[in-house]
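See below for the structure under consideration.
All chains are identified by letter, namely A, B, C and D, in their written order; residue positions are counted from 1 within each chain.
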Amino acid sequence: MNTFGITFRLTTFGESHGPAVGAVIDGCPAGVAFDKEILRQDLARRRPGQAHTTTRKEPDEPEVLSGIFEGVTTGTPIAVLVRNRDQRSQDYDALKDLYRPSHADYTYQQKYGLRDHRGGGRSSARETLARVIGGSIAGMMLNEQTDILVKAAVTRMGEIETEHPLAHMDSEQIYASPMRCDDPDAERRMSAYLENLREAGDSTGGVVSVRAENVPVGLGEPIYGKLYATLASAMMSINGAAGFEIGTGFAVVERRGSENNDEWIEENGVLKTVTNNSGGVQGGISNGMPIEFRVAFKPPSSIAEKQMHGTTSGEVVDHSITGRHDPSIVIRAVPVVEAMTLLVLADMWLQTKRW
Amino acid sequence: MNTFGITFRLTTFGESHGPAVGAVIDGCPAGVAFDKEILRQDLARRRPGQAHTTTRKEPDEPEVLSGIFEGVTTGTPIAVLVRNRDQRSQDYDALKDLYRPSHADYTYQQKYGLRDHRGGGRSSARETLARVIGGSIAGMMLNEQTDILVKAAVTRMGEIETEHPLAHMDSEQIYASPMRCDDPDAERRMSAYLENLREAGDSTGGVVSVRAENVPVGLGEPIYGKLYATLASAMMSINGAAGFEIGTGFAVVERRGSENNDEWIEENGVLKTVTNNSGGVQGGISNGMPIEFRVAFKPPSSIAEKQMHGTTSGEVVDHSITGRHDPSIVIRAVPVVEAMTLLVLADMWLQTKRW
Amino acid sequence: MNTFGITFRLTTFGESHGPAVGAVIDGCPAGVAFDKEILRQDLARRRPGQAHTTTRKEPDEPEVLSGIFEGVTTGTPIAVLVRNRDQRSQDYDALKDLYRPSHADYTYQQKYGLRDHRGGGRSSARETLARVIGGSIAGMMLNEQTDILVKAAVTRMGEIETEHPLAHMDSEQIYASPMRCDDPDAERRMSAYLENLREAGDSTGGVVSVRAENVPVGLGEPIYGKLYATLASAMMSINGAAGFEIGTGFAVVERRGSENNDEWIEENGVLKTVTNNSGGVQGGISNGMPIEFRVAFKPPSSIAEKQMHGTTSGEVVDHSITGRHDPSIVIRAVPVVEAMTLLVLADMWLQTKRW
Amino acid sequence: MNTFGITFRLTTFGESHGPAVGAVIDGCPAGVAFDKEILRQDLARRRPGQAHTTTRKEPDEPEVLSGIFEGVTTGTPIAVLVRNRDQRSQDYDALKDLYRPSHADYTYQQKYGLRDHRGGGRSSARETLARVIGGSIAGMMLNEQTDILVKAAVTRMGEIETEHPLAHMDSEQIYASPMRCDDPDAERRMSAYLENLREAGDSTGGVVSVRAENVPVGLGEPIYGKLYATLASAMMSINGAAGFEIGTGFAVVERRGSENNDEWIEENGVLKTVTNNSGGVQGGISNGMPIEFRVAFKPPSSIAEKQMHGTTSGEVVDHSITGRHDPSIVIRAVPVVEAMTLLVLADMWLQTKRW
């Protein structure tokens, strides 16, 4: 299942160390202005080689193969390709017969009977590049047809948490921050925290928070296509995701109904809720308030420490993974979370048009 | 979108106060023994009218309309109907022009331009009855073809939490408990906690925990059909769900990779992981360890306290909801969570057969 | 696969001799006036017990279980049920271990390992009743939102063919004709033709022709969701269909491009084609001209003559099928063809709204 | 809708004069040996530049971007790209504001508000190249897992028809014939017939016939996924298709049941039918007999003769289409029909595995 979405559909392909990764977007309306610079910028925001992310450097130059004519979308599938240039496959020879702890090596091998072991093959985070392509085009479409604004940021990195309100965030500021966090104080502490982990050869978990503003009322399809069900599926499909919560989220467990209910007020003739504990979605359908959710990401599994690996011959061996590793997923997850949010909203937006 | 699943598909229909709710299961293999007593028991486990749940009493007798012949499934769609008998629609007349706080009233009205206001209409938890039908039949199929065992229980009710290990649970015991919790001490405290809330006319959130044992290696479809992505979608589609986490879940944010990684051991020729922080799924595919996840449910929105309601004419009014209300969703959510888990596993099991 | 359609979806269930057949329509817009009398009439038009169709008499009274509130659709799934009342299952006991020639007995048995042999079970034409329910509601929706008019008639019955132009047809007249043919001369000859066949215990093939008028330009989704591809799939899914052709159809094989091309003219500021050899669809998308296609149906397989049947034990026996049989499918196929056309157009209409 | 199939899914992209056309195959089982030479040969069989097809010459060299590792499929999506090298876009400048008769120019423009007019853009037959890629890989899979053998040939070209039994065909012979017809006498007459048409600047319709042998019993999904319904959809999605018929097909209209029924015989312990008027499919499910169907293709719309074209400004003008044109579609349609047949059978084969 390499396709995401119902009406605005993203199909992705490509392995970490194969010739290329790519995306086919089907169902994008015709006439949307396509801006390759925005696509390049979105890919750059995801690109490794920055502080605290892996040192693999690739230009990630997108090539548009179809679906754009004279600068606009034509309603036909938009295929975009990015070549894999930095393929040091031999780095992974040692892993050919090993199952790394908490990686997908064992499960792919068991499911398919074989696997492309180089850099995780299809299970590599490099696949998320294709999601960013999809999200970028979804964003161009939403930008023309709606006022929707999606912002994502790191709000938790190990022990470091920021209480900086998401409402004050600005995407420019967030991406200017190497921590993808616009609270300068938290950013400094996160940075130091990561530096220590990097030296220790260890890694940490974290949280990416999202706020989608100006989402029209009515997006989301009951019963099984609820907006938060689809968002949950989108987020939990990202490598390393361990949890999803919307609005009050897990903190809801200690809340009373009298605290957690969102009472109504009228503002300039429009009904709004005083609080937004529902996270902008009620009964699975957007209610016009900002959509707010959080995604927990586990610490990257590739660490310097020796750990027991499985082997294809059914034994276990003590092994230390060498090579390029991030002490954190969340920094690079921010644009991916943002892309998946845009894809969900684009899909729901188009689905809603028929009502 | 009233259909769930790809290969084993559940389509549901019905409103709270319409003539009936029902389910159509398409894609169930032929030759599965159909046991109506199991279906009756599964529906009884979900039925309201028990301690701490609403007092609406309905027998919920299922009528099988198709797909079963001489006691076994035939491979054709299985349609099952349950009549709505206790329809005190007039109870809801007062709500015709009101939008209750944190209910789906406003969003349905805005999306569709009208709504069946009686008891929440389609957004009522009564729809979950049809999910239990689907889950029951999924369970019959899995029971014949696999050793999969799914257990769900309340592990958190407001301030009360149980540390009782899920591994020790037994479905019989859980359903014998009015709190759907097999830790007798926690159960007592939950019960008292709920009694207080009921007297106060208030409600509380909670957590349902799930453990699926003996799940074969290889279930789950990368990239967008990952097992936890599909489980997340299934769980977040249940009324009142606010969060989903698998394995370590949100606690992962403070974990280091060296703590959180699941190292491999070999046991009787089979590779297993020492810990199960991944919750039985790696790279979106089951790894043979128990699948463990949790779902947070918000406090029921219907409380006795006066709250600001919206109105269809765009104003707000102070209003108190009368009628039958639960102080907690989680008790009744247990069999629904279990049903959705069975549906996901049945679907993934059948999808995996083609590989 | 018991669901048809992408946006306007029909799911059907039910066996010939089970308790009921039914339909769930998902994706119908909210606010469409639901007229039960139209549904009754549409079901009556399909009903057996009329001249030249089987003598099985059932009222086929529809029961609406969901999706309608205060006379209009609510956007939630519409479930409609029709009970099977006249279940002389014992009529079919003789067929339990037999595979009738050109029936689905053998293939169902082989695919599923078992089958409901009573009256063909799920493969019975009684399933088409559920299609008529879906088509009826699709028609109510299209009637409100478009000027689309779908007409179907028998234009060929064995040796008898009518050249009566479809453009002159009127649904009332067609359904007033026991042959579903508005050419009185052809009707008379068809009637006599069938009478002879009935006496001989034999059956004949035929053709149903369709003309959909006032179809807006732009319906149909390239590449694999072309309007005629979807119509072909819809028609070939009807019991007994043997061929589908659009516009010139198979007669195209002897045509030259210079004869077959539809040249353009301008009429009152609107572009039209002089001829309509394309049958109203170009490149898979409706061009505003009437959509015209034909479906060939084979002679019913149940005939009085003794024929070699297979048996479940792998032998063959000479056997004569007793019971109620039609000498022709096409008469009863007319409302089914019409219903499937309406379903396709409703689906395409809603899909097109997003562009 | 640029995706075909449910379990074995083909997604295609690309315009006639864009940078490339390509295919993404999702759902192909892992471990299938991938033979690039077979893919090259299948593409060569479709390639123009041969006698009686357009003179546009392109090597159509496929580049595999993903899904293959060490010579076998990995279960991940297989992306294959073919560059468009011979892009004489200026040839089409004259057509920018014209709607050619019986082309998709007008309908694309109306549906999307704009179109890539160069060479028909997405509606060009060049898209069928991506289908051949999909069919080629479907064939490799079926070849490993089944004995299925699919053969297609031209059996009708305008007035010329061959009665050569499909059973005697051999794919090698057919593709060795420039007419894709293994009846040498018919081939000679077709060739002369086409030569005359080419000189006259005109075109002709024709028929491609298919015979799929050794298809296992049980492929096809009732009710709406019947094998012939899916085949019909696949065939009618090919550019220029005007009709589809299976088994007896339209000739069924004059047949009596007593003539058309396929009686059973037992052969070496296996049940077979004496005749194969059902074309190998009964009740939508394959019965083990050869699957036999035919597809009618219209005469190519691009002819030398002056014809009335529409214009984007709503007028009509007399115009003669210059450039490279085929007098017949059927020759080039043969490998496309074959590819779509393989795709349908691969999909049905995998779907059937779950039963």
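The rule is simple: contacts are C-beta pairs under 8 Å (C-beta built on N, C-alpha and C of every residue); 3 or more make two chains touch, one makes a residue touch a chain.
Keep in mind it's a predicted model, so treat the numbers as computed, not measured.
Undergrad: Is the C-beta contact count larger for B-C or for A-B?
TA: More C-beta contacts join the chains of A-B.
Undergrad: Please name the chain that ends up farthest from subunit B once chain centres are defined by their CA atoms averaged.
TA: D
Undergrad: Centroid from C-alpha atoms only, then distance subunit B to subunit D, rounded to Å. What do you get?
TA: Computed value for the inter-centroid distance: 46 Å.
Undergrad: Just the number, please: Cα centre separation of subunit A and subunit B in whole Å.
TA: 27
Undergrad: Just give me the whole-number Å value for how far the CA centre of subunit B lies from that of subunit C.
TA: 39
Undergrad: Among all residues of subunit A, which ones touch two or more of the remaining chains?
TA: 1-3, 12, 30, 75-76, 108, 111-112, 122, 222, 355
Undergrad: Which residues of subunit C touch subunit A in their complex?
TA: Interface residues on the subunit C side: 7, 27, 29-30, 75-76, 222, 350-351, 353-355.
Undergrad: List the residues on subunit D that touch subunit C in their complex, please.
TA: Interface residues on the subunit D side: 1-4, 6, 12, 99, 101-104, 106-108, 110-112, 122-123, 127, 156, 158-159, 197, 202-207, 217-218, 220-226, 228-237, 239, 241-250, 252-266, 269-271, 273-274, 277-278, 281-287, 296-303, 305, 307-310, 314-316, 352, 355.
Undergrad: For the complex, give me every residue of subunit A touching subunit D.
TA: Interface residues on the subunit A side: 1-3, 9, 11-15, 18-22, 24, 26, 30-31, 63-67, 69, 72, 74-79, 81, 108, 111-116, 121-122.
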